[in-house]
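Both complexes below contain chain A, partnered by chain B and then by chain C.
For the complex of A and B:
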């Protein structure tokens, strides 16, 4: 782990120590397992967001893809499609939306910020249109168990996240695709002149992001028993915050899965503890904003240190 | 290491900043060690949306009850956005904290249902208040008013404003939509009660589909179609101001009366101008008060399935109908008293 990651770990340890002294029950395993149900969906979406940011991109449409996948699941279920197939269709819908984003970015060479800003509105609009903004609820018990059951003390969505995170770490660290992704974020024009299939890398990254949104949507619907077109409004902001807090440079080229996990944990624990301890829901957004600013400050400090360090003696 | 200390300072600032904010914002900080006495309980109360005058006034009554009982530690928190998923997060937190009772006013019963069931599985007692959820998700509901209370109160108030028992004239209903379950229940009891006043004749029931502009034009049409129209029951929170505005703009203030359910602040100007003589609502403070009393009784064991009444402090004995604890007692706001209420 790098210094940046140690800093996050230290901050997290400090927070948990403070929480433990102020309110020991917060740190208990039982409480933590229950509260963790609030973070997994965001965590799952944040993984592909990390890879996209490393490749110097961004995906603002994650919240809308998430909502559209949920609505697809809800509508299919309403029409009597077996829940398993409805869930698979929802995930496929996610991959398709992501692939469309990827196609615009890779083939038409439009900046991802603009592409996903556009599809953010479009996907949300489609979700509202096809569901007529109705909440879709009433899923079978077996499906709801997907989010309510624990395996070795960890909720099932937590295991999904762990698998995806390990997969992402392997891809990033051990595969050619990972090297291409980092190269793309470090210097895109240089990458284009090398033998790297830029378009395919971008296309796969965005499609993967859509798929992750689909998975997160299925788990969320199982947790809340409802699919609604206005779900996941805050998702892009939260996912980017976690990625940046985790040490990824928004300009691309660097970032790690461990950093992201620590960033997510810090966001989650801070938010839960503030609302647990002070019982003021209105503090939630302030905390998220404060963390984003803190992360930028940390970045600044490390950059200036690196500059000092690299100066010839 | 020097550089690290910088981040620690930032974190300390964030944490301490939140702490001072919390201290200033609420007087309900948990008293540590209080639970050891074995008698004190924690009651968490969730409004549909925090910061809305209606719910704030409910919370005042709840705090009053907690203070009066002395052994109830009240937590009042809710989503400032009104998002159901945030309400779920709070219910989960309270479950993890092991509070004794959670009282929920669900803004989306389908979303909150699973969280409420999870709370019950963990041994938390769950009530609903103000709005109900799936009966299996809670033990009792603190019900502010039955359809009968509301239907009868609407008719009685209209009759009184039109001249008492001998009131005469044509009346009409502007409802939400023709399929709205609550409103249809009220209409049933409005019709039942109208039988008591033979002089009042119901001439029309029109939908306004939760659209204030439509309520406005529907009311205009009604006044044209029935020139002798004396009163309108505008029985949705959207239809009420729409109908009042139509009467005001037609210059028929005082000739055509409109009544309905609303919070005092929303209708104050119409009451002052005389377009509306009476606004009907339940006592919001008493609703919060009764909720906390019910929570206490639930833990004490005095409120259990099959109970037919509940002793609720200054409110006295309250009737229980099945799993509904009835607040009863409709409040009527008029020119004389409306300015005393700020919600």
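For the complex of A and C:
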């Protein structure tokens, strides 16, 4: 682990220690499992966001893909499509949306910020249009269990996240695709000049991100028993915040899954503790914003010290 | 008395000594060449003399007086100017602004640029250098040589005592270099001293009066050119003799690469040639003759428009790189290597597939492959897990060549393989290239250094203006023969030979689309074009227009601000809390000032974090966006704000001569912004920063201050927008302004401003705002039924995507 990850781990430990002193019930496993229900959607979406940021991209459309997938699920269910098929269709819709983003980025070589700014409006707009902004609810018990059942004390969405995180860590550290992703984020033209199929890498990254949004949407609909076009408004910026807090450089080329998991945990525990202990839900946003700025400031201080020490001639 | 004298200069970087005692004496009217291998301390010396660095020890005397400049600006004022190796120009600014930046002729303290005067001045300076191109053309459309001339024009525009030219010919072709030499001669005769740094010893012999050789941070000797032979200079630089490469001994083999009638519009045409195994084919020509473009096409990066390429008599698909063809690109730092990644990863970058099983990398094989390459190429490194930028230029180049050797290519294209490489490594690379060919590879060598081409090539193809001008072998092969083929036959025919397209600015397309939309909706429902409806639409888009103007400056400066929506929310909360009769009940003017102050405060915070803490603006504003939103929610305590005094609400509902205040305010902001960007020194500096941030900083543009000011102004404008929009409402909610940031960015982008900074206009933004803002109303007036209103956002998204698509396709067409 790098300095950044140790810092996050230490901060997290300090927070939990303080929480345990102030309010032992917060640290109990049951409370943690209960509280964790809110974090999994964000966590699942943050993983592909990490990979995209490492490849020097960004995806602002994740919240909109999430909403459109949920609405697709809700509408299909409303039309009487079996819930299993509806869920598969929702995830496929996610992959398709991501693939469209990827097509713009990879084939047309448009800056991902622009592409996903456009598709962010378009996907949510389509979600609003096809659902006329109605909430779609009333799902079968078996489906709702997807987000309410625990396995070994961890909710099913938590297992989904763990599997995805391990998969991402392996891809990043051990596969050709992962090396290509890092190379792409470090220097795109040098990557093209290394005969690496840049377009395919970008295309897969964005399509994968769409798929993850679909998975998150299905789990969320199962949790809340509702699908609505205004879901996940804050998702893109929260996911980017978690990724950056986890130590990934927004310019691309670096970042780790461990850092992301720690960053997510820190965001989550801070938010939950603030509202658990002080009953102040409004402070959530302040905490999130301050965490992001302060953590990056600390990183800058470390970096500038290192730079002075190892400046090349 | 010498013009400038340096004595005992020392400089260390974190324990590494770059200068260990350098002495240098330059007389007025003298061309003083400084030679040395990479790492000898030349660039450190330059940077000290031009004010970019302070020496740790030693003195610099100018006209006998000790000087210690604290920046490039101070040195420039004193008459010492540097022209860097890569021209530090601003591709989005024209020659007039490039020459005049930071020394603008203006009235009202920079708030009114005297363009006409600056234009005349630029024409005069360029004419003195023998250039006659249009100085109002953005520099990005000029050739590298013309850009270099603009840099020199800039350097000589003020009274200049010492001009430092750092490798000035590295991107110039032979006749362009010759033009530069004439300029140097003319400056010398005017009494200007010139410090000339070059690896090309022919140039030193041609130009210099005095030569100083540096090695390992010391001055080896300084002599008049008459006493400094080429051999003596080289000997002093490397401290050993340099071997000249032996030309190929082995005979060429089978034809490997066949190129037939290859053509890419605007780059090259009618290209046919063969390359055999064990053969080095030199590709000579002027810069811009199409050699690098041809190399990119053969490698599979730029698809040719017609023609075929065969490898071992099999036609190949040029849409993708072919594993049997390797390319060492000319720009090692940007195209060749991943500088911050380990040497090992760079060396194996192109062969990862071979070193993996079903997509899983075999780390041990990667290490072995890397070790083998490092040994074969004699790369000097202790640990191949160090980043490749820890190596010297020559060793980096070896890693880059090794990366392609690892692929065991049939064809290897080397584009300027020894650019910026010191003399010692150069000879090693030459030997290496010969060995590669002898091992059976067909080598294509592109170089602008004729001695290099002549020494290495078995055959030389000469390109001229995108065509093959001829082939030279054996006894007919000489520098003179190559130049005779490479020089343009008729300079004026260049235009129609290689057409470069000029596209209409994006504003025009968007405006046309807007007009079409107005027309269509107007035909379906004429009341859409009524004055009352136009007024409603304009009032509705006014706040967006105000915010988008600020966003345009920010994006022009290559930054972004996603916090403006939250800032509007905070500003509205402050306004409401301060003015509402059931909250603080302050007088409306004070409430308005507080609201503006809060907004400007957020902007200032953004600016400080971006400029002083050097955090990228997307992260900073993402943070402040969330932070400010939270503060707003806490301040409002989960309740709406009601009872806003009617005197304040007239800002949103009242007007002047029937024109609502919101429209008046938006128009004023648009006009003021357009004037700020186009007509003030400040605006030109914003564009300069966005166009080339490093160059702007090195010219002494106060980048940090400008960034702080534009973020603060953008915050302030968010406050202004709030004053005219929050006051249209009965109650203020905490969600006010949410989503505005993305609408503003979208409007700026639809209006044609490049997200990469430097290029764009306020006019475009205004058109973009109008288009995005009226879509919703247009949908309603199209009478598509009650659910049409739900599709507004989808249509907005599609318009943004259409703009993005149009841009991408336009870029592709114009290459």
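In this text, the second predicted complex is superposed on the first by the 310 of 313 C-alpha atoms of A that agree within 3 Å, B and C clash if a C-alpha of one lies under 4 Å from a C-alpha of the other, contacts with A are read in each partner's own complex, and residues count from 1 in each chain.
We take it that a residue touches a chain if its C-beta (ideal position, glycine included) is under 8 Å from a C-beta of that chain, and two chains touch if they have at least 3 such contacts.
Quick caveat: nothing in here was measured; it's all calculated off a predicted structure.
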Message: So in the superposed three-chain picture, is A:297 touching just chain B, just chain C, both, or none of them (first/second/both/neither)?
response: both
- prompt: Among the partners chain B and chain C, which is in contact with a greater number of residues of chain A?
  reply: C
First, second, both or neither for A:21, with chain B first and chain C second: neither
Query: Should A:79 be classified as contacting the first partner (chain B), the second (chain C), both, or neither?
result: neither
Task: Scan A:148 for contacts with chain B and chain C and give back first, second, both or neither.
output: first
Message: With both complexes overlaid on chain A, does A:7 touch chain B (first), chain C (second), both or neither?
response: first
Task: Determine, under the contact definition given at the top, whether A:283 touches first (chain B), second (chain C), both, or neither.
output: both
- request: Have a look at where A:137 lands relative to chain B and chain C in the superposition and call it first, second, both or neither.
  value: first
- request: Residue by residue on chain A, keep only those touching chain B in one complex and chain C in the other, then list them.
  value: 282-284, 286-287, 290, 297
Query: Which residues, counting only chain A, touch chain C once they are in their complex?
result: 58, 60, 104, 108-111, 113-115, 117-126, 128-129, 132-133, 174-177, 179-180, 182-183, 186-187, 189-197, 237, 240-241, 244, 250-251, 253, 282-290, 292-293, 296-297, 300, 308-313
In the complex, chain C residues that touch chain A: 13-14, 16-18, 39, 44, 299-301, 320-321, 323, 327, 329, 334-341, 345, 349-350, 352-353, 356, 359-361, 389-390, 403, 407, 560, 562, 609, 613-616, 618-620, 622-631, 633-634, 638, 742, 745-746, 749, 755-756, 787, 790-798, 800-801, 803-805, 807-809, 811-812
Message: With touch defined as at the start, can you tell me which chain B residues reach chain A in the complex?
response: 3-4, 6-8, 10-11, 14-15, 17-19, 21-22, 25-26, 28, 30, 50-51, 75, 77-80, 84-86, 88-90, 92-93, 95-98, 108, 110-111, 113-114, 118
- request: In the complex, go through chain A and note every residue touching chain B.
  value: 7, 10-11, 14-15, 18, 25-26, 30-31, 34-35, 37-38, 135, 137-138, 144, 148, 223-226, 231, 270, 272, 274-284, 286-287, 290-291, 294, 297-298, 301, 305
